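Consider the two complexes below, in which chain A is the common component and chain B and chain C are the respective partners.
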Partner chain A sequence: MERGYWIRSKPVYTSLMWQEKATSHLVVAQGSGGMAVLKIFQQMHPKQPITVLYAPSSDSIVDYASTLKKVVPEGLQLFDSVQEMLTTLKEILPTMYMGMRVYVAGSEGFIWTIAESAKEFGIEDIDMIKELTGTLARSIYCVHCKAITHNITTNIGKCAGCERMLFVRDHFSRRLGAYMGLMVDAESPGQLPEIEEIYP
Partner chain B sequence: MNMINIKVAAIEQVTPLVKHFTFVNKDGTALPAFSGGSHVVVSLDINGRVHRNPYSLMGSPEDTSAYHISVRKQEKSRGGSEYMHENVAVGMQFKITYPVNLFSLAKKGRKHILIAGGIGITPFMSQIADLKRTGADYELHYAFRSPEHGAFVSELEQGCGTKFHCYTDSNGERLNLDELLSQQPLGTHVYVCGPNSMVVAVLEKARNFGWPENHIHSEQFLAPPIGEPFKMQLARSNKEILVPAEMSMLEAIEAAGVEADFLCRGGVCGRCELQVLETDGALMHNDHFLTDAEKASCKKIMPCVSRAKCERLVLDI
Partner chain C sequence: MVLGFKQETFRDDYTYCNSPREIKRFPFPFAEDRYMYSVNIEPHGKGKEGSVFEFALDIDEHYVAECIDKEITLEQDPGRYESLSHMMDAQWDFVELSMESLARDYPEHFSLKKNGLQWTWENKPLGIKDTFTFGDASTLAMDPFEYMGRQAQGDFVLLDQRDETLYADAGFVTTQADWSLAFNVGMSWKEWHGPVPRVTELGVMDRALKYLLNLQLGSPVRRLNWTMTINPRLDTSPESFPRWGSDRNTVNADNVGDRVHLRVELQSLFRLPRSNAIMFGVRCYLISLNEIATYPRWAKRLHRVLKDLHPDLIEYKGMTKFHPTVVEWLANFDDGVILELGTQPE
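So, the complex of A and B:
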């Protein structure tokens, strides 16, 4: 990657850190994101109310639920699936007030699923603190057939929809939670550059 | 700069200190469209000196047959507000700029909390028209000194019903910001316009409760302060001019026949920014636009409200 070059739509992920100025805190995590939650609870706890939502993930070997139960002092809710978690999230958000800080940790797909739900309640993704955990695997949307293919770990991946070989770009769609994929061998069919794992 | 020629169609004394002016297009046609929160700059020729002051448009954006502004008579006025109060009469004509909006409503906001102090009610008058038209959820909180200074209160009571809350200082009524800002639903935006102390209090409170910056909006046009006269050089125009005590740098530049950009003339929009090429003294930054670091660097100045204390000041204009 060229230095000093940045695609503006590419999201920025950091580490979860409590925000002192707040009316309440909502921590949402899935799978390996549980580790980020354990880490944030190592920091001094804020004085405002805290809610923690956690669901396991099939791509994380470790389920942090039982450790979280021991570490999170209050407001922990455990779910079997992200779907269940989203239902609860949509019930909680209308009762929350401005100044609630949102912290999200997990895979990229999870982070943007949460961002999409939060947006309906007026929370913008730039105002959420996001930590990417576990894997850098990307979801890609095919600009040719519009299908979305998950868990791409290589620079080039096959579209699950039209089977074209797609080059994975840094352009990111917040709405789709996926990176742009462009056909690689459009000019010279069948001639592919080397496929390497770069999003382990 | 492109200007609109208007005629004063009506003047109404609203409170002991506030007058409401109605402007219509000189040629009788409709005026340009605007959105809630917009302002215009009124250009007045007072004894051969051009005064230009920004005023919020108060009417409904749906009605472009006339513009409405309200002017509070300022005690330490440099002449503009006093002239509007004492000398402007129905039938007079002058020029105003096209409306510009530096205080617009957040389109995606789920709820809007409007906080006004005194004459700071004016930009909200047009915003409320927009909010009512779109059916958006809002609350208006209006604080003023004493009953006789509560401009437009009955109009607002009628138009906004239970969404309107007013606080009369002389009756000991105070707006409780803790209560107001700690329990608003997600997606709420707050807007404040009024005296400096009020604006600062609202900004600080919202930030302390963790409201994101892009949900906090304020408008506070500063009046150019009166200061010591000083000289400056306009490098590109090759002119040396004096900035008198009661003129802003921008006004002095304009009076010298040099065209300069502006939108708000109140130190908030950033449009008038000039590069300082050279100076041997201190720049007195009065704007709300430049960052502290930029102010300290002495490389830029906002001539609409700022001044200098120096022997030599060279500007890139």
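So, the complex of A and C:
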């Protein structure tokens, strides 16, 4: 990539930091995101009410559940899967009030899955603090068949919908939670560039 | 003046071509021998009689064929029309703007009769006549924006203004130069311009946004943008890229004048009264290099612009494969004479 070239649609992820003026805190994490949760609890144990939702992930060797149980002072809920977590999240969000802050840590796919659920309750992603952990794997939206393929770690990935080989364009849609994928050999069918892992 | 509408195609056998009258009014975008992005925005006031700038929405000899092509594209991919749920006021703003201006500017082809909120719209070239209640979407067969999007040439994006930026929250996009509405819908100004090279450094996008946030009702603006397309194909979307991508390999010295087209977008922006949204119109004009060369001044100018075009722009505009062939062909027309500033054909 040319130096100084910056794709403005690509989200900027930061480190989780407590928002001290919040009236309550909702921390949501998956897999290696557990480490980010442990880190903010080393910063401080906030005075306001805390809810922490955590699910393990297959892409993280470490399951932080048992450590979180020792560190998180209140409101920790553990799940076996992100699906179960989302069900609970959708039950919790209607009971929350203005002033609550949302913190999300995990893979990019996880972050935008949570953002999608939060949006249904009027929480914009700009108001969420997001930390990317563990993997750079991308979700790819196939612009041809509109299917989304998850966990792509290479510059070119196969669409789970139409099986075309997609070039992963560095252009991100927050609404879809995915990068744009374009048929890589549309100009010259069958000619594929070398496939390399660049999002480990 | 009464337009004769041509029967022609923008796909498969590509019978599209321009009459001498249409060539002469083509919005040639290059006033100088060099090109780089700039905030080339100007008032979209009433332009010279017969020019593409004469009216708010330009209708030309390709009107009927383009509307038919839109229908085909939309049927193949309904995702070319999208509207987020909060955009209904802007949809009606679009209906009002398009119907009023078409009926006012082309009374021989379109008419609008208002009886309170009961409106009767007639589109003679397309054989449409409907009475509906303005503001009540249930009285039309489809979303109001889609209804009129199908009846005007070009693409339309409705931009919602909030948080000091613009969001592309609705669109009717069938004649686009390689951008995806289905992917971009809901994006903010900075996000959807993400992939355009060089503009961040130039500060172009920030300044253009600042300008547009202050766009006033009744003072629309416009700019021209351009690229090159192989064959007179309107639907050069990323969605249909597998259908047209390989066309870029077909250009050679014998067919370049016929196959390669300059694609100019007349982009217009109107503030809308109810929603405070902005209507962003992208009207696409296609002209083959052979047609351009009927005016030697244009051929010379285009040769110089393309010869020295920044490599990033050649790549971004998808011209890498055929750029040398085009420059070589155009060189035949360029005697090196100094050209005065201006886009005129002669």
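The criterion applied here is as follows: the second predicted complex is superposed on the first by the 198 of 200 C-alpha atoms of A that agree within 3 Å, B and C clash if a C-alpha of one lies under 4 Å from a C-alpha of the other, contacts with A are read in each partner's own complex, and residues count from 1 in each chain.
Note that contacts are C-beta pairs under 8 Å (C-beta built on N, C-alpha and C of every residue); 3 or more make two chains touch, one makes a residue touch a chain.
What you see is a predicted model; the values in this text were computed from it and never measured.
S.K.: With the two structures laid over each other on chain A, which partner does A:P200 touch: chain B (first), chain C (second), both, or neither?
M.R.: After superposition on chain A, A:P200 lies in contact with neither partner.
S.K.: Report for A:G190: first if it touches chain B alone, second if chain C alone, otherwise both or neither.
M.R.: Neither: A:G190 stays clear of chain B and chain C.
S.K.: In the overlaid three-chain picture, which partner chain does A:R101 touch, first (chain B) or second (chain C), both, or neither?
M.R.: In the superposition, A:R101 touches chain B alone.
S.K.: So, A:K21: does it touch chain B (first), chain C (second), both, or neither?
M.R.: first
S.K.: Now for A:F121: first (chain B), second (chain C), both, or neither, which partner does it touch?
M.R.: After superposing on A, A:F121 lies in contact with chain B but is clear of chain C.
S.K.: Output check: A:L93 vs chain B and chain C. Expected answer is one of first, second, both, neither. What do you get?
M.R.: first
S.K.: So, does A:H171 touch the first partner chain B, the second partner chain C, both, or neither?
M.R.: In the superposed model, A:H171 contacts chain C only, not chain B.
S.K.: Where on chain A do the contacts with chain B and the contacts with chain C coincide?
M.R.: 126
S.K.: In their complex, what parts of chain B are in touch with chain A?
M.R.: 108-110, 181-188, 207-212, 214-215
S.K.: If we count contacts the way the header does, which residues on chain C are in touch with chain A in the complex?
M.R.: So the residues of chain C touching chain A come out as 79, 163, 180, 182-187, 190-195, 197, 200-201, 238-239, 241-242, 245-246, 248-249, 312, 321.
S.K.: In the complex, go through chain A and note every residue touching chain C.
M.R.: Per the touch definition, chain A meets chain C at residues 2, 4-10, 126, 141, 143-144, 146, 164, 169-176, 180, 182-183, 186-189.
S.K.: What does chain A use to touch chain B in their complex?
M.R.: So the residues of chain A touching chain B come out as 19, 21-23, 93-94, 96-101, 121-124, 126-127.
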